[in-house]
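Next up: some structures, all given as structure tokens.
Two complexes are shown next, each including chain A; its partner changes from chain B in the first to chain C in the second.
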Partner chain A sequence: MLKKALLGGFGVILLLLPHIAGNDYIVLLVILACIYSILGMGFSMTWKNRLITCGQAGFWAIGAYSSALLVMELGLNFWVAMPLSGLISALFAFIVYSIALRAGPLVFFSMSLVFSFIVMEVLGTTGYFGGWEGIMDVPSPKIGGYVLLSKTSQYYLALSLLLFNILVYYALYKSPIGRAWSAIGSNVRLAEAQGINVYRYRLGAAVISCFFAGVVGSFYAHTQNLIVPTTFSFHCSIYVQMYALIGGLSFYIAGPIIGALVMVFLPEFLRSTAEFQPIFFGVFLILIIIFIPGGILSIPQRFPRLAGAFLRMKK
Partner chain B sequence: MSLDLFFQCLINGLAIGGIYAVVASGFTLVLGTMKIFNFAQGEFYMLGAFITYGCCEVLHLNYVLALIVAFVAVGLLGIVLQRMVIRYTYEGFFHTVLATIAFGAIIRQTGVITFGKTDKLLTPVVRGRFEIGDVIVSNEKLMLIFAGLFLIVLLHYFMKLKIGRAMRAVTLDIDTAALQGIDSKKIFMITMGLGSGLAGIAGALIAPVLGAHAQMGHAIFVKILFVIIIGGMGSMPGALLAAFIIGMIESFGYQLLGGHNELLLQIFLIPLLYFRPGGLLGRPLALPE
Partner chain C sequence: MALLELKKVSKNFDGLTAVNKVDIDIEEGEIVGVIGPNGAGKSTLFNVINGFFAPSQGEILFKGEQIGGLRPDQIAGKGIARAFQQSTLFMEATAFENVYTGFHLSYKTGLIKQFLHTASIRREQKEIKKKSMEILEFMGLGALHNEVAKNLPHGHQRILCMCIALAAEPKLLLLDEPVTGMNPSEKQTCKELIRQLRDVWGITVAIVEHDMKVVMNLCDRIVVLNYGQKIAEGLPEEIKNNKSVIAFYLGSGGLQDAA
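Right after this comes the complex of A and B.
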């Protein structure tokens, strides 16, 4: 009951945020948090199969660049280019991951990392993709005659994208596919013995997560109107993982969202010390890993007595 | 390609490959024995270079002394990482990975704040060159090659000692090793110290040639990843072989194609993994649950 009330309140706040917030900057930060949540949910899906992907940023970049080029070079509509860029991203993911997964999870992990590094390097050094200056003046999305220029309209687009993602992931996790993923996650050997084709299910999870990374890349390109390769450095993939861990690794949908929301707003309180931010983040992350390895959402489970006392106090 | 250019590339490839081999062997040692990915390895390499810079340029110490200081100091830092952070992250492999990433970020940002983002150049330690026919070889490169090979041979004989045998036993099976009276806690500390120390000494070796830069750890870490993927996860001979292969590809690739080394390596990598999923000399290593 309490959980539902909390969820409802959270949803209402998110829905009304542009009208409450007052300035565009907070809205912009929440848009960023939405993007990171979607990337993080993709990461969580591979983590459900006990795979660790470091390639989210690379596929995000592929989505952003392919969407920008499809719209600007071929003159396609944004709404057509968005799923198409997801498909292109998924195609790249299929090629790289189908080979990397044969060699086991550890090679998958390092290959995805290397791949996201290479994507940035190639985008930065190739003249066709605009080099390190990137692509400027990417057109904003349009609905009929209305151009989604204001941050508020883009915010609702981001929110609906997030909602769509949540629904798809939720449906996937409830379906037989999701149950197979859970089986793989809890015990790979046992899942294999039950007749689950581990390789195929893992590859499926990795490719689907990259599809959504591509879609959100397309959204990013058309709302920022400017894409530069350094945005998509492998540090970004690490941030995605970090947010998912801080939110809670065993909460496959809520974890990345909470983690991204918290971690997007946290640097705002530390803005005066920009130089020391990575150090602060590093110490913070190490402390979280040591003391709350299950993430923020695991706190009520970890300290049920504490949470119970807190709830009684509220009454 | 003329013959002298060929030999030039060969020498360059051997020199850079030797450095990769030293860093990657430290990484592989830690990966094999402790089953963790040490993302701070690249930063340890950067730290080694800066310690050498501090010893040679600021304190005006002997270069050989600087090498030893770099090895010991970075090794101690590795032990600190193991004792203070990794020991507490037995939640799983992924937690340890993120913890080492965080530790590496702390070291890198400290380096950026302390030394700035510019290259710090050292006065060359070894000068001069010699010529065989048309081939010109600088003594610096030769020193790198010999030092790299020397360290690898030293590591090989270290692994034959009693303590090295204990390390290999822990690599194979930690529980059985404990039954034979091997203190795995001690072995983990020694492994981590040795693995990071090797990165430190490699950084110290490269510092007089290429200078020290706060971001150099990132570049070499990507190379280490290539090395362990190609060579096979946790396989020491594989890592050494792959390090020299990558050094050669980089040296010849740069000469023949200019830039785009990473792309070249990746193209080389993908078909190889298709036919040999475990890398050149390894077998697929399972993720520790």
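Right after this comes the complex of A and C.
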């Protein structure tokens, strides 16, 4: 009951945010949080299979660049380019991961890491992709004659993407597919012995997560209007993992969302300069790991008395 | 034709021969025991049959079809399920969920329909939920279906292992030390259950077990392994009186215990 009320309240705030917030900066931060949530949920999906991906940023980049080029070079509509760039990203994921996964989770981890380095280097050193200067003037999305220029309109697009992503992941997790993923995550040998094709299911999870990374890459390219390779550095993949961890690794959908929201807003409250941010993040992460290893969302389980007191207080 | 035929199956690990040219036939409807001292290669043999290890040499035929070298999930699909030596469970899930998850092979509906939660998959899931409860009740865990696996006592965990294996709806069930760590009354129950699996469900069973009392009492036929080789095979009575088995394994004291 309380959970539903909290979730509903959260939803209403998200829906009305541009009208409550009063300034575009907060809206921009929430847009970023939406993007990171989607990337983080992809990480969580592979983690459900006990795979660790360090490649989310790489596939995000592939989505962003494909979309920009599809629109600017081939003159495609943004709404066509968005799912297409997701597919391109998924195709790359399929090629890389279908090889990597044959050698097991450790190679998957290192291949994803190496791949995201390669993507950034290739984008940065190839003239066609604009080099380290990146691609400028990526056109904004349009609906008919209306250009989604304002942060508010872009925010609603981000929110619908997030919502769509949540729905798809939720449907997957609730289906026998998600059950098989949980089985693999819980006990690989037993899962195999029960007839689950571990290789195929793991590959499926990795490719689906990269599809959404590509889609959100397309969104990023067309709302920022400027993409540079360094945005998609390996640090970004690490941050994405951090968001999932801080929110709660065992909360495959809500964890990355909460983690991303907290971590996007935290530096604002700390009023820190960009140079100090990694230090704050590091300290925060260590504190989380020591005191609430299950992430922010595990607080009610970990401190039931605290949660109980909170409930009584509300009454 | 036997249900499972092993023909000169060997498994080497870097020069160490864990299983050495073993021939075993398992007929449909039998309960076959595999015994032998520690390190005799019994579990390795099961791992080879079940696909965790590919055989180094030899053929494994299941229903006349070559299965040696297939992946474990393919072999499970052919109808061979196994319960593990240690309590290998989905520890964080409830007993019911453990069995329900084990039914992976039963889904006939395609992946896209699974994702879209169509009526057919929901019907199928309902059916499987019913079957999961049936298995738990048959094995005497019905009342504990909501208990998280890691909180179950050891004896019940062992039974739950078997329940999960049954969820794969096997023709042949491999049980790796099913009664280890059980108290005498649990052993008795477990033995009866295994017998019923054969009599009621028509499942052929192969058991690796150290408990001679259970093996002698339960099995139709016994295979004895030592240093990876088959040293004897026969009815329980024959094995009890086999000189080389006594010398290698049972010992004179062991015989009296078993009798």
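What we mean here is this: the second predicted complex is superposed on the first by the 312 of 315 C-alpha atoms of A that agree within 3 Å, B and C clash if a C-alpha of one lies under 4 Å from a C-alpha of the other, contacts with A are read in each partner's own complex, and residues count from 1 in each chain.
One rule holds for everything that comes next: a contact is a pair of C-beta atoms (placed from the backbone, for glycine too) under 8 Å apart; a residue touches a chain by one contact, two chains touch by 3 or more.
Small disclaimer: the values here were computed from a predicted structure and weren't measured.
Asks: For A:P293, is the partner it touches chain B (first), chain C (second), both, or none of the two (neither)?
Replies: Touch partner of A:P293: chain B, not chain C.
Asks: Name the chain, either chain B or chain C, that contacts more residues of chain A.
Replies: Counting residues of chain A touched by each partner, the higher count goes to B.
Asks: For A:L270 in the superposed arrangement: first (chain B), second (chain C), both or neither?
Replies: neither
Asks: Just chain B (first), just chain C (second), both, or neither: which does A:M111 touch?
Replies: first
Asks: Could you say whether A:F281 touches chain B, chain C, both of them, or neither, answering first, second, both or neither?
Replies: In the superposed model, A:F281 contacts chain B only, not chain C.
Asks: Would you check which partner chain A:A183 touches, where first means chain B only, second means chain C only, and both and neither mean what they say?
Replies: second
Asks: Can you check the complex and tell me which residues of chain A touch chain C?
Replies: Against chain C, chain A makes touches at 171-172, 174-177, 179-180, 182-183, 186-187, 189-198.
Asks: Which residues of chain B touch chain A once you look at their complex with the stated criterion?
Replies: My answer: residues 37, 85, 88-89, 91, 93-95, 97-99, 101-103, 105-106, 108-110, 112-113, 222, 225-226, 228-229, 233, 259-260, 262-263, 266, 270, 273-274, 277-279, 284-287, 289.
Asks: What residues of chain A sit close enough to touch chain B in their complex?
Replies: By the definition above, chain A touches chain B via 47, 50, 52, 96, 99-100, 102-107, 109-111, 113-115, 117-118, 121-122, 125, 238, 241-242, 245, 249, 275-276, 278-279, 281-283, 285-286, 289-290, 293.
Asks: Tell me, which parts of chain C touch chain A in their complex?
Replies: 50-52, 71-73, 76-77, 81-82, 84, 88-93, 100-102, 104-105, 107, 111, 114-117, 121, 125, 164-165, 167-168
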